[in-house]
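The structures come next, written out as C-alpha cells.
Here chain A shows up in two complexes: once beside chain B, once beside chain C.
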Partner chain A sequence: MGAVREEATVRTQVRKAMKARERTNMAIFLGPTILIVSFFFVVPVIVDIAISFTDLGRELRITEITTKNYERTFTRDRQLPGVIARTAFYVGATLLIFNTTFGLLLALTTTAIPRTSGTFFRAVWLLPRMSPSVVYAILWTWSIHGGDTSLVNQFLINVFGFEEAIDLIQLEPMWVIIFANGFIGASFAMIILTSAIRSIPEHLYHAARCDGAGSLAVTWHITLMHLRWPLTYIFIWQTLSLLTSFEYILLITGGGPFRSTTVFAIFIFQRAFGSAGQYAYGAALAFFLIVPGVILALLLWRISKMGTLLQRPRIEVQ
Partner chain B sequence: MATIEFKRISKKFGDETVIPDMNLKISDGEFVALLGPSGCGKSTTLFMLAGIYLPSGGELLFDDARVNEVEARDRNVGIVFQSYALYPHMTVSKNIAFPLRFQKTPESEIGRRVKEAAELVQVSELLDRRPEQLSGGQQQRVALARALVKNPALLLLDEPLSNLDATLRLAMRTEIKSLQERLRVTTVLVTHDQVEATTMADRIVCMCDGKIEQIGTPEDLYRRPASKFVAGFVGSPPINLFEGTVANGIVEFGDARLEITGDAGSSVAVGLRPEHLYFADSGIPATIVQHEPMGREILYVCETPLGLVRILETAAAASQSIGTSTHFRFETENTLAFDASSEKLIPRVRIRVPEK
Partner chain C sequence: MTKSSLLSVTVASFALALSIPAVGASAQETIELTLWSRADASGPLRPGNILEGANRLNAQLEMDGADYRVAITVNEQPDQGGYDSDAERLLRAYAIGEGPDIFHAAHEWICAFAEPGYLFDLTDFTNENPQFFGDIFPSLWKSTECVGRRFAVPQDAEARMFFFNKGLMRAAGFSDEEIESLDERVLAGEVTLDGIADIAQQIVENTDAEYGILHRPSRGPDYLMIFNQYGSSFVDPETGKLLLEESKIADAYGWFERNVQNGVTPSNNTSMDWSFIRDQFYRDNNAAMWMYGVWDLGSNAFPRGVPSDKEGFFELFGWTAAPAPVEGGRPGSLTHPIVYGVGAGEHQEIAATIVGYASDAELNTNHAVTTTHIGIKQSQLEDPRYAAEWSLALATELLEFSHYMPNHPDFGALNQIIYEALQGVETGQISAAEAAAYVLDEADARIPDSIVMN
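Let's look at the complex of A and B:
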C-alpha cells in the first residue's frame, strides 16, 4: 500500500514539474510576440478609443469627456457616405483585379516558363515593393502627369498620334490609385502563390495528364484547388491592408481632385491632421477601421483554419 | 488492349543521355517487368510510355501507330505512381471518378463504374475518405482503381509495392497478378526487386544504365543470364562470381583450379549460384566463416581457395558449424561462364570440379 501511494506522489510531482516547464517554455517562446502585439496593437487601440471619447484637438488639451465625436460620424459628417462608397470601390477593385487575380496570374505564368526568366519577371514585380514609397509615388507622378513630357503622354503623342497631352489624375484619379496600389499589391500574392505552386508534387500533374485532363482542367483541379487556402488568406490579409492604405494615395493624388480619391484612411488623416486638427474626431473615425480589422483578422483565423495550416510539431516537446 | 513497340528510342535530359537506344516489343495482354537498379532509366521509360516524357529520338508505336507526339491524355494509359499521386483534396470516390470526367461518361455510369473499380480492388468502404486518411496499402489500391477505371489499353505500374510492408507486398503481388490475368490488359511494371519481377511478370526486361541487358522469361534470366550483370541481379542470395585465366582446359584462380569444357577465351568469370552448391567429403576445400538462418534455408559464407563463397543449404538447422573445414561441390550443368572483358555469357561452356 505504502509503495503504491509513494509512486502516486512521485507521479504527481513529475506532472507538476512538467506543467511548470510547459509554462516557462510558453513564456520564453511566446513572450516576445505577446509583448510586441500588446505594444503595437492592443495599447494603440485602447489609446485610440480613449481619445475618441474626448475633445482632443490641436491645442492638445482635453476639456471634456464626450460622445459627440460618434454622434457627428453618424449624423453630421456629410462626406462620410461618399468616403465609404469610394473606399468600397477602391478596396474591391484593387483586391479583385490586382491583389488576387493578377497576382495569381503572375504566379501561374512565372512558374510555367523556364525558371530563370520566371525569377527575373518576379524580381521585376518586386522592385516597387522594395523601393521607398516616395520614390515609387514620384515615378508614378512622373509617368502620368498632365504635361507633354510624362511617359504616358510621350507614348500617346509619339506612338499613337494623340493631338494633345492628357492628365490621367484629372480624368481617372480612382483608377490611377487602384493601379498604383495594385502593382505593388500583386507581388504579395505572387510570392505566396509561387511558393505554394512550387510545393505541389509534380506527380499530381503527371497523374492528371494521364487521367485525361487538359491544361485548363489541370490548372483548375490541381493548381487552384491547392491554392484555395493561400488565396483565402491573401484575400483577407489584403482587404485589411487596403482598408488602411494611404501613403501612395496621399503622395500621388493627395485624395483629390475634389476628394475623388479620398478613401477612409485618407479621410481620417485629413480630419485628424488636416487644417482642422481634430484628433479626437479622427480617433473616432479610426475606431470604425479597427472594428472591421479585428473582425477580419478573427475571420482569417477561423476560415483559414490556422490550426491546420500550422505544422504539428515533429517531436512532441513537453 | 494494345501492343507496344520501342523502335530505337532514345531519351536525353539536356546533355545527359539516359536511354541511348532502346528496342522492345510487348504483345497484347502481356505482363512485362522492367527490372534494374536505381537510376537505370526505368521510370523514364515508363513515363515515355505514358506520354509524360517525349522520346528524344526513335519511334514509339501503340498497335503499330506512331504515338511519339500523342499527348498523355489521348493515350488511354492508366498509371500508378510510386508515390500513388492521389489528389489530396478529393475523396476516394472522386479520385477514382476523375479519369471518367474527361471521357464524357454519363453521371449514372460514372457512379456504377467507380463502384465496380472500388470492388475490384476492395476499397468499397473507403469511398468517402480522403487520401490522407488512408494507409499506404489502401492508397495503393485506390491508385490502382483510378488507373483501371477507364479500362486503359495499357497499365503502367511504377514500383507500386515499394512502400508496403513485406506481408502486404506479398498479398498485393498476387492480387495485381490475378487482376491482370482477369482483365488481360497489357501491363508494364517497373521494379528494382527481382522477386517482384520474377513472380509477377510473363517477361522481364533487365536494364542497366539505360540499356537493355536481357529480355526473357524469369526462367531465362535465371538459367541463361545474358551477362554478368543479369546473373548478379537476378537470383537471391546473389550468385558467386570468380574471375580466372583459362589455359588447356583449366581455369586458374590463384590457388584453385577448375576444369573447363567448351570454347572459352583466355579469361572468364565463373558463376556459381549458392543454391547449386552443396557440401561433400571431397571437392573444393571450404571453411565455414558464418551462417545465417533464413527460415527453411541456411546461408553459409565459406572461405575457399576461390575466395569467399555463399552456399545455400535447404535445412531447418545448420549442419555445419562455424570454423568447420569441409568441401563443397556442384553439378556441371549448373555452372555459368562469362567472358571477362565483354561480360557476356559464353554459351555451352561448363565448369567441373577436377577429380583427383
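Let's look at the complex of A and C:
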C-alpha cells in the first residue's frame, strides 16, 4: 500500500517537474518571439488607436480626447476613395504580375536549367532586394528620368530610333512603382518556390517521364501541384506587405506626380507628417490600414485553408 | 555651402567654444548656446555672422568685465527639402524641448513657431535696443510679425522676378527695342501675363530652345507671385485667417494650364531637377524664361558662366517684374525674407543680443554682396561694396510693389496643397477649375480651422 502511494507521489512529482520544464521551455523558445511581437506589433497598434482619439498635432500636445479624426475621415477627406482605388490596383497588379507569377516563372526556369546557371540568375534577381533602398531608388531614377541621358531613353533614342526622350514618371507613374516593387517582390517568391521545387521527390518526375509525360505535363501535374502551399503563403504575405509598401514609392515618385502614386501608406505619411504635422489624424487613417490588414489576413487564411498546412501530420515517421 | 565655408563655420565654432574658457582662469561662466543652420551655398554667412556676433559680444563682455562669456555650438544640416522641410523638422525639435537658441527660417513659418510659445517675443527687446535694430527697414519688420508682435529679426530680403534670355528673343525675331523695353512695358501694364507667355511661346516655336517659362520644381514662393497677380492675397483682413477665393485661384491655375497646353512650360516642370533647370536657362540657352529670385545670380548664375558685370549680364539676359493679368494692371513681385528666430528660454536675451550684433550693417553687407541678397538696413545702401553690387540696387526697385507670403502658422501647409494642385494641372491630371476645387477641399480636410472660403 505504502509502495503504491510512494509511486503515486513520485509520479505526481515527475508530472509537476515535466510541467515546469514545459513552461520553462516555452518561455525560452517562445519568450523572445512573444516579446518582439508585443513590442513591435501589438503595442504600436494600441498606441495608434489611442492617438487616433486625441488631437495630437504639430505641437505634440494632447488637449482633448475626441472622435473628430474619424468624422473627418468620413466627411471631409475627399481624396480617400481615389487613394483606396489606387492602392487596390497597385497591390493587385504587383501581386499577380510579379510577386507570384513572375516569381514562379523565375523559380521554374532557374531550376530547369543547369544548377550553376540557375544559381547565377537567381543571384542576379536577388540584387534588387540586397541593395539599400535608397541606392535602388536612385538607380531607378537615373534609369528612367525624362532627360535624354537616362538609361531607358538612351536605348529608345539610340537603339530604337525614338526622336524624343520620354519621361516614364510622367507617362506611367503607377507602372513605374509596380515594376520597381515587383522586381524586389519577385525574388521573395523565387527563393521560396525554388526551395519547394527542390524538395519535390525526384522519383515522381522519373515516374511521370516513364509514363510518357512531356515537360509541360510534368510542370503542371507535379511541380505546380506541390507548390500550392508555398504559393498560398506567398500570396497572403505579399498582399499584406504590399498594402503597407511605402519606401520605394516615396523615394522614386514621392506619391506623385500629383496623386497618381499615392497609395494608402503614402497617404497616411503625407497626412500625418506632411506639411501640417497632424499625427492624430494620421493615426486614425492608419487604423483603417491595420483593421482591414488583419481581416484580410484571416480571410485569406480561411479561404486558402492555410490551417491544414499547419496541422499535425497524420502519420509520424520515426 | 561650399566645403571651405562649411569648414570655416565649423572651425570658427570650435575656436569660439575653445577660446572662451581660456579667456579668464577665474570663475567665469560660459553660456552655451545652440545655433541651427542649413549648409547652404546661398547663405554661408547666415550662421557665420551669428558666430561673428558672438565674438563681438564676448569682446564687449570682456571690456565690461562681465563674469560670463558665450559659446555657440553650430548644428548645421544639409539641405533636405528647402526651408519648408527645415521648419517642419525644427518645429518637431521644439515640440520635444530640443529646439535651438537661434535659427534662421523663411519668414512665413515664424508664426508656426510663435503660436505654441517656442519663440522669444522680440517686440520690446528690438525697440529697446535701437543700436542693433533701429536702422532695419520698417517694411521688413512686417515679415516677422504675428498678431502685431515681432518674433524674429530680418536677416535678408530679395526680389522674385521673371529672368529672360535676350539672345533667344533676338533669335526669335524680336527687335532690340522690343527686348530692351520689355521690363518697362511690364511696369507700365502694357505686357500682361498672357503676353509674356506669348513671347516665350514664340521663342519656343521660332528657335531651338525647348522651354518657354520654367519655374521652381518644389513648394516655395515664386509661383505664388502669379496667384498674387490674379488677386489672391491668401489672407482675410477681417479674421486674420487664410483666405481662399476659388475663382481667383482658378484664374491663376488657368495661366499655368495654358502655358502647358501652348508648349510654354513643360508638363514635367515640377519633377525636374533644380540644377537641370538652371543649366537649361543660364548655361545652355534652352529656356526663354526662368521665374525665380535675384539671389540666384550670385549662387547659381555666375558660377555657370553668366557674366557678373552689369553690361555683360544685360547683354545676354534681362529681368522683369511679374506682369499684371490684364492690360493696365499693376505689376507684382514677391520678396521672401529669411529671418532669425530666438528660442524662448533662460538665455533668450543673450541670444537676441548675439542676433543684434550679427545684424550689424557691415556683417549683413558681407552676406548681401557675396550672395546677391538685398540688405536689411538703410545704412547698407551707403556702403560702397553694396552700391557696387548692381543687381541689388536694381532688384531693390522691385520692392515697391512686392508682396509677402502671409505670416500664418498654417500657410506652409496651404502652400503644399497649392503646389500639389499646380503639379496636377501641369501634368494634365486636373483642370484649372478642378485644381481650385482641390485646394479648397484639401484645405478643408487638412487645416479646417485656419481657413475662410469664398
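What we mean here is this: the second predicted complex is superposed on the first by the 294 of 318 C-alpha atoms of A that agree within 3 Å, B and C clash if a C-alpha of one lies under 4 Å from a C-alpha of the other, contacts with A are read in each partner's own complex, and residues count from 1 in each chain.
As a convention for this text, contacts are C-beta pairs under 8 Å (C-beta built on N, C-alpha and C of every residue); 3 or more make two chains touch, one makes a residue touch a chain.
Source: prediction; values computed, not measured.
K.L.:
Following the superposition defined at the top, how do chain B and chain C come out on chain A, clash or fit?
P.N.:
fit
K.L.:
With both complexes overlaid on chain A, does A:His221 touch chain B (first), chain C (second), both or neither?
P.N.:
In the superposed model, A:His221 contacts chain B only, not chain C.
K.L.:
Answer with first, second, both or neither: which of chain B and chain C does A:Ala3 touch in the superposed model?
P.N.:
A:Ala3 contacts neither chain B nor chain C.
K.L.:
If we overlay the two complexes on their shared chain A, which of chain B and chain C does A:Ile28 touch? Say first, second, both or neither.
P.N.:
A:Ile28 sits against neither chain B nor chain C.
K.L.:
One more residue to check, A:Cys210. First (chain B), second (chain C), both or neither?
P.N.:
In the superposition, A:Cys210 touches chain B alone.
K.L.:
Using the touch definition from the top, say if A:Gly274 reaches chain B (first), chain C (second), both or neither.
P.N.:
The second partner, chain C, only.
K.L.:
Applying the document's definition of touching, compare chain B and chain C: which contacts more of chain A?
P.N.:
On the superposition, C touches more of the residues of chain A.
K.L.:
After superposition on the shared chain, which partner residues are touched by A:Pro201: those of chain B (first), chain C (second), both, or neither?
P.N.:
first
K.L.:
At the Cα centre of chain A, what angle separates the centres of chain B and chain C, to the nearest 10 degrees?
P.N.:
Between chain B and chain C, as viewed from chain A: 150 degrees.
K.L.:
Quick one: minimum Cα-Cα distance, chain B versus chain C, in the superposed arrangement, integer Å.
P.N.:
52
K.L.:
For the complex, give me every residue of chain C touching chain A.
P.N.:
Within the complex, chain C touches chain A at residues 84, 88, 91-92, 95-96, 112, 116, 267-268, 270-273, 276, 410, 412-413, 415-417, 420-421, 423-424, 427, 429-430, 441-442, 444-448.
K.L.:
If we count contacts the way the header does, which residues on chain A are in touch with chain C in the complex?
P.N.:
My answer: residues 58-61, 72, 76-79, 145-147, 167, 169-170, 256-260, 271, 273-278.
K.L.:
Hey, which residues of chain A end up touching chain B in the complex?
P.N.:
Chain A residues touching chain B: 201, 203-204, 206-214, 217, 221-222, 225-226, 228.
K.L.:
Hey, which residues of chain B end up touching chain A in the complex?
P.N.:
Listed in rising order, the residues of chain B that touch chain A are 47, 50-52, 71-73, 75, 77-79, 81, 83, 85, 87-89, 98-99, 101-103, 146, 150.
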